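Naming follows writing order (A, B, C and D), and every chain is counted from residue 1.
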Amino acid sequence: MKKLINNPERAVDEELAGMAAAHGDLIRIIEPNVVLRRDAPRPGKVGVISGGGSGHEPMHGGYVGMGMLDAACPGAVFTSPVPDQMLAATKAVNAGAGVLHIVKNYTGDIMNFELAAEMARAEGIEVASVVIADDVAVKDSLYTAGRRGVGGTVLAEKIVGAAAEAGADLKTVAALCQKVQDNVRSMGMALTSCTVPVAGKPTFELGEDEMEIGIGIHGEPGRTRMKLAPADEITEMLATPILDDLPFKSGDTVLAFVNGMGGTPLMELYIVFNKLAQILKGRGIAIGRSFVGNYITSLEMAGTSITLLRLDDELTRFWDAPVHTPALRWGV
Amino acid sequence: MSGSTPITYDDVIAWINTFAASVRDQKEYLTELDSAIGDADHGINMDRGFQAVIGKLPGLPNRDIGAAFKTVGMTLVSTVGGASGPLYGTFFLQLGTATAGREAIGLDDLIAALDAGVAGVQRIGKAEPGDKTMLDTLLPARDALREAAASGASLQDALARAVAAAEQGMLATIPLVARKGRASYLGERSAGHQDPGATSSYLLLKAAADAWSGAAGGTAN
Amino acid sequence: MKKLINNPERAVDEELAGMAAAHGDLIRIIEPNVVLRRDAPRPGKVGVISGGGSGHEPMHGGYVGMGMLDAACPGAVFTSPVPDQMLAATKAVNAGAGVLHIVKNYTGDIMNFELAAEMARAEGIEVASVVIADDVAVKDSLYTAGRRGVGGTVLAEKIVGAAAEAGADLKTVAALCQKVQDNVRSMGMALTSCTVPVAGKPTFELGEDEMEIGIGIHGEPGRTRMKLAPADEITEMLATPILDDLPFKSGDTVLAFVNGMGGTPLMELYIVFNKLAQILKGRGIAIGRSFVGNYITSLEMAGTSITLLRLDDELTRFWDAPVHTPALRWGV
Amino acid sequence: MSGSTPITYDDVIAWINTFAASVRDQKEYLTELDSAIGDADHGINMDRGFQAVIGKLPGLPNRDIGAAFKTVGMTLVSTVGGASGPLYGTFFLQLGTATAGREAIGLDDLIAALDAGVAGVQRIGKAEPGDKTMLDTLLPARDALREAAASGASLQDALARAVAAAEQGMLATIPLVARKGRASYLGERSAGHQDPGATSSYLLLKAAADAWSGAAGGTAN
């Protein structure tokens, strides 16, 4: 295992200390491992928090700040945070207007957030939860854990954070989050595995001529292992199930998000974007907004995911609204 | 009848310590199982939790079994995270509620506590038998324990049968296609692999049998 | 070689097409492979261009836009661009106020930019060139090619771009660029090599327990190969030669830039930043501005570089000034 | 004297074509050499340039050797990039200036042209002999050619001696610590590796010897 770390058990703590040192103007770290907006709680504002395992940086800690999250709860690498974190975050951001929990659909995240929500409610805080489950690689079913929450989460946090910043109430903010979930779909693939620091070796082995299609964001294997293919074919393999699922239709306008899994150079993401733009054009779908980069990652995994969000004026307006966080900044 | 061989507070502590040692021992193995169909952290998660637990045990104020189980449960909830944190946490919290205030319990009490623990896991995890989860170990183990008790078996014999049933349940997860937890994302690819949580639950039963082989009910075995 | 590409020979072209598709509001691509600010030339404004081999993304193409570069010239991967590109860029951005060439100190870059500058001057365009050579891993000497230009380049482009945007004339802009060069120092290291697409295999092999200290940004080996060390020790190894070189002194304020080489997760960069902050504190040096991320890369190489720029009010003001490019945006 | 065995326009084109083929052939090898002390692109760069060059040659309007060399130089400058683009580009541009308007040249003309080419490389690259660059091949080759010509050797013999000197110069770069180009960043670590540019320059001399072994000056050899 080759990593710039000192001690696998302390990696997340030292990371948070580094974030605090680098971004003290935007965030502060409170016990037990909560990344908190510097000026939280904001009077009258609905609090928006999220969280999940570490290893997906900049998600979620990098998205704490004006116009996005009020707090983030980073767990151990790829491990849902514990309820104590979400409880502390909920209390720290609550200004009386209630708190929204944006939860990615993983058994652990769901259960840990739910425990925290119950405890917070017991303390008199109004909590609403919205679950993001946008990964079309996973078949949706009432009898399973359902779809994973992946790239759509970043878009939801930005859009919902803007609405909360603008003063929307908890019900409105939660409904907007659900609207994002209802209009967003994603799918990912990996060229390599990644190594959980504490585990010390790659989660799975892939041959030099193989790839995994339909992966999540935890270094887990995907739906199918295949022979390596050119970028254009891979882009088709990801885009087609996304487009057919919602389904996206001719005349739609989308936010096109090409994400790197952490170890993929920008050059390759733009090559994927180039093909994605051609595919969308071929289907009569307009690209209203573009988003390209390593925004929701799996440590150093090489690979990419595509997320498409169907835009309307409201979603576009909140996407464009000012944001100022360690990882995302515009309009300010 | 089996209620006559009491499980003492010290036995309970021994069980927890034995399990913690077993988890530490099998940490890599559990993580390896989780690599195949999950995210390579189950052993790490369980070990983090039980290391925290054994740090808490010496500080317990009185010899209340229920309080000890509750401490285990709360510690797991607060330190494990992932799916196993709330699941094992709830399991032990329910054990604690079922044994609150007791300094010793009998086999029947243990069965009732397991009933409550398993029900808690089912309530928050919403899994069914055959979904390829820890339930596939816990449910048959509890049933075997109950049947053994009904047939008048000793605590040790009953536990031996529960461990055998747990092992069968654990092995039976191998061919299953997962419907719950992270392994469900793999669809058909999850078949052919043993479930990590079912494996740690087997170790939990095994730890009880090991810890109590010479203690509770005299020095039998 | 595992990459999201279609054809190694076409990778840069398809990347540029993808950039144009994603960022058409900010940039456009003109022949022969020039990334041009959408609204260039800007009347009255000094043009600022840079360029170099591809594979360092987001540098330089990602830095084209308001408040930074007017154009970037991407060569083949790790290969200096050809003079035709710099000539076309110079002509396209020239608005009569002259053009600054920001050149990284590599034999190839120097010669190709110089050929272009001569051709542009022959066409009556005023051209000034400033060479960035900030890598303390390389001994400076009159008899050698001298130090490489690395992380300091990104800071120079931002600061100089802000001054040009504010209306400074060519002489002032060039002097400011030289001032950045005079106050910036960097050093980098690698945990892994990288693979040039056309070459098809890693440039060098490193054992599982080895690292290279003193690397540049072209996948070239470094000054020394060493046994892998904890992040804190590595940070010391990079920071100490930087701090001693200028030298930075107690009471100084710096911009602290921890850069990823492309394949390094943010988690690790923050762990490095955490230690760097401690080292600076120990020397009585204040961190005026922080900059953490993959900003000047070597394809998918795992590793990091540290850059320190001694700040004064002028440099700080231009660093803070609004910028709007594909990869860097604030204040707007 | 040697000037009596003319090098024709066709010979020059044959030289360039032979070198282009040799570069294509040795592309991986040159890139490999550049991996050790540079950035793994020298073979790729040279091949990209000479593929562009051979695409241009058929379109040349007249049999002007100088114009052909100039086209080679300009094409290299416009397509190679890196250090080798301007260096080889300037080399050929200078060859072109030295032979402008000529349909055939003699050995003396070739030496004068090489003189100009090498001077161009030195002027823009500012390297000295012993800096571990292409100059360490080109300079001894040119000197050998000049000495051979002075001693009345035939074109083929003179070229054979130049190739031998080029090879020696190339091999002599191995122990050198680089002072110019990318390899200089490695400091002492650059010693023990053959310089890629010195190697491509050796191939350039070798290509002339190969191309002209049976052509210019009759069918000697």
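As a working rule, contacts are C-beta pairs under 8 Å (C-beta built on N, C-alpha and C of every residue); 3 or more make two chains touch, one makes a residue touch a chain.
On a predicted model such as this, the values are computed, not experimentally measured, just so you know.
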* To do: Starting from the mean Cα coordinates of subunit C and subunit D, work out the distance between those two points in Å.
  => 33
* Whole-Å distance, subunit B centre to subunit C centre, using C-alpha means? -> 55
* **Mean-CA-position distance for subunit D and subunit B (Å)** => 77
* Asked: Where the centres are mean C-alpha positions, what is the separation of subunit A from subunit C, in Å?
  -> 29
* Asked: Which subunit D residues reach two or more other chains?
  -> none
* Given which chains touch which, is the overall layout a line, a ring, a star, complete, or other? -> line
* Pairs of chains found to touch, sorted by chain label -> A-B, A-C, C-D
* Asked: Which residues, counting only subunit D, touch subunit C once they are in their complex?
  -> 31, 35-41, 44-45, 48, 77-87, 124-125, 179-182, 184-187, 189
* To do: Spell out the residues on subunit C that touch subunit D in their complex, using ranges where they run on.
  => 53, 75-84, 106-108, 111-112, 114-115, 135, 137-139, 141, 143-145, 148, 196, 198-199, 203-204, 216, 218-221, 223-224
* Asked: Within the complex, which stretch of subunit C touches subunit A?
  -> 2-7, 11-12, 14-19, 21-23, 54-55, 57-58, 62, 191-192, 208, 211, 228, 230-232, 234, 256, 258, 262-274, 277, 287, 290, 292, 294, 297, 299-300, 302, 304, 326, 329-332
